[in-house]
Amino acid sequence: MNKIRATIVFFVVMAIGSACIFFSSCSEKSMNEMIVFTRSSGKTKYLDYDTTDSWRYIPQAQIVALDPNNPAGSVKVLTTNYYSARSPQISFDGKYLLFAGQQKQNDPWQIWEMNLRDLKTRQIIASKENCTDPAYLPGGRLVFSKFAPNDTLKAGHSLYTCNLDGSNLKRITFNPHTYFASSILSDGRVLTVGRQIFPEKGDPMFIILRPDGTKADMFYKGTKDTFITSPGLETNNGRIVFIESDKVFRGKGNLISISYNRPLHSRVNLTSEIGGDFHAVCPLHSGRLMVSYRKSESDRYALYEFDPDNKALGKVLYNNAEYDVLEAVETGKHDRPKKLPSELDMGVKTGLLLCQDINVSDMQSSGNTASFPKSSRIEIVGIDSTLGSIDVEEDGSFYLKVLADKPFQIQTVDKDGHILRGPSDWIWLRPNERRGCVGCHQDPEMVPVNRVPLSVKKSPVVIPGHINKVIEKKVSLE
Amino acid sequence: MKTSGILSVLLFFSVLGLIVYFPGRKWARVHVNSKTAVGDHPLNCLSCHLYTQKSGFISKLVNRKYMSPFNMAVSKEGDRLYVVAQEDNALLVVDPEKKKVLKKIIVGNLPHSVILSNDGQRAYVSNEWSDDVSVIDLSTSKVVDTLKTGNGPAGLSLSADNKSLYVVNSYSSNISVLDLNTGEERKRFDTGNNPTGTQLSPDGKTLYVTSRRALIAPYGETLKSEITVLDENSQKITGRRNIESAYMMENIAFTPTGDLAIVTMIRPKNLVPSIQVELGWMMTYGIVVIEQKENGRVIQLLLDEPNAYYSDPFDIVITPDGKKAFVSHSGVNTISVVNIDSVRSLIDKSSPELLNSYSDNLGISSRYVIKRIKTGANPKGLALSSDGKLLYVAEQLEDRIAVINTKSLETVSTIDLGGPNKITVARQGRRLFNNSGHTFQNQFDCYTCHPDMHEDGLVYNMASTDMGRNLTNTQSLRDIGDTPPYKWNGKNQTVYKQDGMRFSTVLTRTEQFNYKDLDAITAYIITGIPYPPNLQYNPNGELTESQLRGKAIFDRTMDNLGNDIPENNRCITCHPPPYYTNLKMAYVKTLASSDDSMLFDTPHLNNIYASPPYLHDGRAATLEEIWTKYGKEDKHGRVNDMTKNQLNDLIDYLKSLRAPAYEHNVSKKFHAKNQSN
Amino acid sequence: MRKIFRKNIPRTAVAVILCGICSVAVINSQPSAEKSPANAHSKDDAKPMPVYGHWKNFTTKDGLPSDHAYCVRIDGNRVLVGTHEGLSVYEDGKWKTYTTKDGLAHNGVVSIDVSELTGDVWIGTFGGLNRWSAGKFETFTQLNSGLPNDLVYCVICDGKDVWAATAGGAGHYDTYTKAWEIFTEKNAPMHEPWTYGVSAGDGKIFIAAWGGGVIEYTTKTKKFKDYTDPDGEMEIDLLPDDGIVHDITTATSYADGILWVSTYFGMSRYDGSHWKGYFDHDSGLASNFINFIRAKGPVVFICSDKGLSSTDGKSWVTYKKNDNNNDGMAIIKNFGRNDDNTINKTTKEIPLSPSIAHNFIIGVDADKDVLWVATEKGVSRGELMK
């Protein structure tokens, strides 16, 4: 009898166990094949570039999961406990979901991570300020945008990185720009949408930088008639796809593709022949795209497949008259970007900047040989004041040691201090960063001439000029 | 056995296991840390004790002999492909249609190139490590003659009348003119530094020779590499064209009409502080286009793109219709397809200033590169079928030939040459060594600065602290496994550390090697990089009279005046055989004002003749200069008592030094003598 | 030549005096010359000595960088001239000069030779040795190579080998192996390392070694043999035709199986068996003070401080310039034998207008119908007179 009972108990336990395994694996499997997207019941506004924060914070948005094989079916709301949530990002192993969320209406937006197995969430960032647009970095870290109020740098949202438990929080952008909509390229760098806000507002452009905030540079700046209105996402064939909206006809967002290899001269409008408005795009493992699209202003943004080769919309994946689809991601494992090493040394208070020739101009590489006034002097301008002006070397080179994490611009001046060219874009250097540029306004596709700049035969000029000596830890990387 | 008994035994072994495990693991950790000079290398016994064995049973067990196809030639009929199998010392006769190796003809040591006579009866194979050319009768597939050449024969070209064979001597930097009737060398002309490629113009009048290394010049001077032009009729050198800011010009091809000669090349940035990789601050790659007319221009065009680099261009071929050029990029496993009409159009419409700016423009390649075709590991030599329809690619580290349709620009098939199926750890390491995938945006790889696993003859500003300081002469990687520490400042105690985290932080600037890859590249560097034989200065180990006198000076303990030379100022003290280094740090008063204060790792001297320039910052263009211009204070050995004859003898001896494998007997004698003393 | 590079006036003065004292004895000993192969030319096989006229002189006014010309070499359609201020090339009627800015080791160019094998030009300067190949200069110095010394007085090409006579010994450079050998008093029968001249022929190298006479080096056997003055240190030639006339040799030149050796005290001729000495008093030599010689076939051209002489060993042609104007003359002397075996000496003077640029001659080269001469005050070009 005992044996029979024991046998029954055994089989029951086995059956329960098997069922658990079956259902849990089913759950995991299903999440691996899901599409996760953000939907908003409110009417989606046009991107308002006159303020710095309205673009990425959408009230009463939900992150939901959809089985792409059953598009007609209902979606599962993953952020039921949040007043609003968006910007879903899937971890490289496909097991976690990173998102920005607002638990209650008046709470600041924070960064959260959800375990896709049990849909439990945990708060990663707890700040008094709004945080949004998280993206997974290799090495157990993430990057996100955080509002910086009364920032002496006059920045809006800056980029920060931290560990997945919120520790080791580090700011990585230090210029008077506001940054949103970051993604991580397979080369390990952060591609983000940055827009100057001081001294005057500029157009958004793609800025690329290393996760430690070094080597920040313009990646793509769009056309004079358009705004970038979505993150730039890398496809598996070396393209970056994103949405640009027309400055005049704001209801017209187009799906744009540029090549990673040559972003400044490879722009293709994939939807120029398609009417309507594109709001978001997401590359799929298959090489195709998902897009958020509406035919007219009276329609809702629905989720479609898109064939980039034929520039054609595919089947509808989700369409609900109550909601706009804001952005979507595909669940499942995906390739981890490279984990870039960092040359930062926080014991160092400065960075080094080398410019090979201030008189190298983009006009030269475009064949315009018309003469322009040459300069032998530059002025370095900070946020609030001039940091100094120096004569450059005979070959046009200069070599600066500047305080780290302090933004500055450079302009060429004549002997009387009149500005000849400039100012440059805002530059910052991280502690111990060494950085070079070919010229002040050079063609961004130009590489340095292989010659020894005269300026590096001397010690660097310390900027600000009133600092005689910077006492810092001696480092030796090599 | 009772349960208690079983439990007791289990408990005993558990305790024993714990006792062995924890101290054992601790010991292993200390051991591995000491051997790798890093603190987190996995405790994997095999990586050190199996794969880094240079010789013996284990080495034979874990390593394989590969084919390593390098260059090729196709018969006129297209029915035979002749493949130089570099590591197999053979010429393979391949049926490309059946994808089958028909015959293997053993040639000399480390064959480099093959060329066929016009009548298709003969093949000539240059043997880079035996200083000769194998003459093969293709009807019998036998080597019928062996012709002596200069040192390191590489590229080959036949005169238009097929009576002379031009052999480029890559190590002695000259070109031999062999009379094929007599087999004798008729002339030898100096070329640029380390030449390899050669091609006769379609009209049969002009022979071009490309060189890989730049001409030795003081750091800071514009880099110049020579293309040597030989007039076929007079058999005299008529041109030495300096190609500025470029080097590693491996090969050359002419358009069928002969209006352009196109050469593969690298434009390095060694004079610019190595502060970043982004935007081509380390290396760029492209072609040199030479117009073949009076006052023809020399234009350099990059094949790179702003965020993608096509490293280590090796070979170039041009289709018979003159429309397309194919360039093999051995560092990124890619063939670039260049539209030659687009190149013509670009250079026709551009001003000299604009053309000059193109040589540093990463975007310009979009005007003429029409396709990138992926290949197997390390594509080297290219060959076109005579109708131009098929392109053959020697995938050196794949032991395979790729066949590409030149119209569809797709790989249509591959030909397996029958090498080992297993990719050993060292072979994987060699693939990593030769591949730019572990550098940011594929900008360069180990091979780029260490061609032939040696050094590129350049001095770099590694900008370790401030920019412009601490210039570094590239060092050879040949057989360095037993010569730690590494780097001039000796900071890296092991190859593991050398290629570890700091390497990626300041040099490759991308994700560091994972430990599996690091083990592989270490295994390769430690076990797989032999020295070429020193056939020029010491062909058989018998020193000349001058070298013997030089050896006596090298070994001497007293100067010409009869004074004792302090032990630490004798050559032999710091440079004992077999590596001619005592593996210690030294002060020889060569620190420059631009150097941080440091001692220098005593360099090994094997095959030192092949490593100019000299000293840590490459200031000495020749061995002589070490002791004439830069040895005036007698701190780098006692030298100022020597006569010029003695200095010449000493240098003759230094040039005679060979690979450590040859020097062990010398080493034994040296140590025996020391012990007896 | 030594006079230019190393002042030796007292020695020279003594030599001149001694030469004067001994001249009678030398003249008296002239009959012994009949044993010499130099006089073995029969009337039938003797070709007339070439005489050059229609001289044209070039100076800085014509484009030379300096009037002080040290050497001259004809290279096909061009002429290479070594001057105090660089290498000058005359081609298509124009002079083009190369200096240290172009890669020349030193502007003082004292010797030039052209490799028949490769066409490369080898240039000896006061500051090193250059190879000038297809427009590119490569520099060898005592600091960067095995070159014995930077004072390169003479350079010659012998097949793949290059030989340089320097102030630190004779250097041999194998262009195939790129290896240097140095020959000095340490390893060759020289008295001191100073060497002035070098020439090659029939597998032998002939080094003019200061104070050491002529050093003959057989390239195949690598054996040395030296020819010194049997009169030792004496600056007179006591016994005629017993060897070279003096140990202080300034140049050698080998052609047609004859070795010619110049000194500051006369000239010698060696046919492999017999030596024959020539002095200004018993031959057509313009002066015993000979800077340089170059043999072309049976004729040797002799650069002296008092004009340019040439001879086939029997007949002499000497070119001189008048002191007071640009004219001068070619003095033709024939030393034949009468039927009674007495010497038949005839002299003929041909006026030249203009003549050579200056009587202090340092370099010469001849090719077919032209003769080029490097003098202290310009370069001269003469044409073969029919």
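We just call them A, B and C in the order they show up, numbering each chain from 1.
Methods note: contacts are C-beta pairs under 8 Å (C-beta built on N, C-alpha and C of every residue); 3 or more make two chains touch, one makes a residue touch a chain.
Computed from a prediction, not measured in an experiment: that's the story for all the values here.
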Centroid-based (C-alpha) most distant chain relative to chain B: C
Contact pairs, highest-scoring chain pair: A-B
For chain A paired with chain B, centre-to-centre distance based on mean C-alpha positions, whole Å: 41
Inter-chain centre distance, chain B versus chain C - centres from mean C-alpha coordinates, in Å: 49
Inter-chain centre distance, chain A versus chain C - centres from mean C-alpha coordinates, in Å: 81
Residues of chain B that touch chain A when the two form their complex: 219-220, 222-223, 245, 267-273, 275-276, 278-281, 284, 302, 305-308, 350-351, 353-354, 357, 360-364, 366, 440-441, 461-468, 470, 487, 491, 501-502, 504-506, 509-512, 596
Chain B-touching residues of chain C, taken from the complex the two chains share: 117-120, 131, 133-136, 138, 142-146, 148-149, 160, 168-169, 175-182, 184, 186-187
For the chain B and chain C complex, residues of the former touching the latter: 150, 172, 174, 187-190, 226, 228-229, 234, 236-240, 242, 536-537, 546, 621-622, 624-625, 628-629, 643-645, 648, 651-652
Interfacial residue positions of chain A with respect to chain B in the complex: 138, 187-188, 215, 217, 260-266, 338-343, 352, 354, 356, 364-365, 367, 369, 399, 434-436, 438, 443-453, 456-460, 474-478
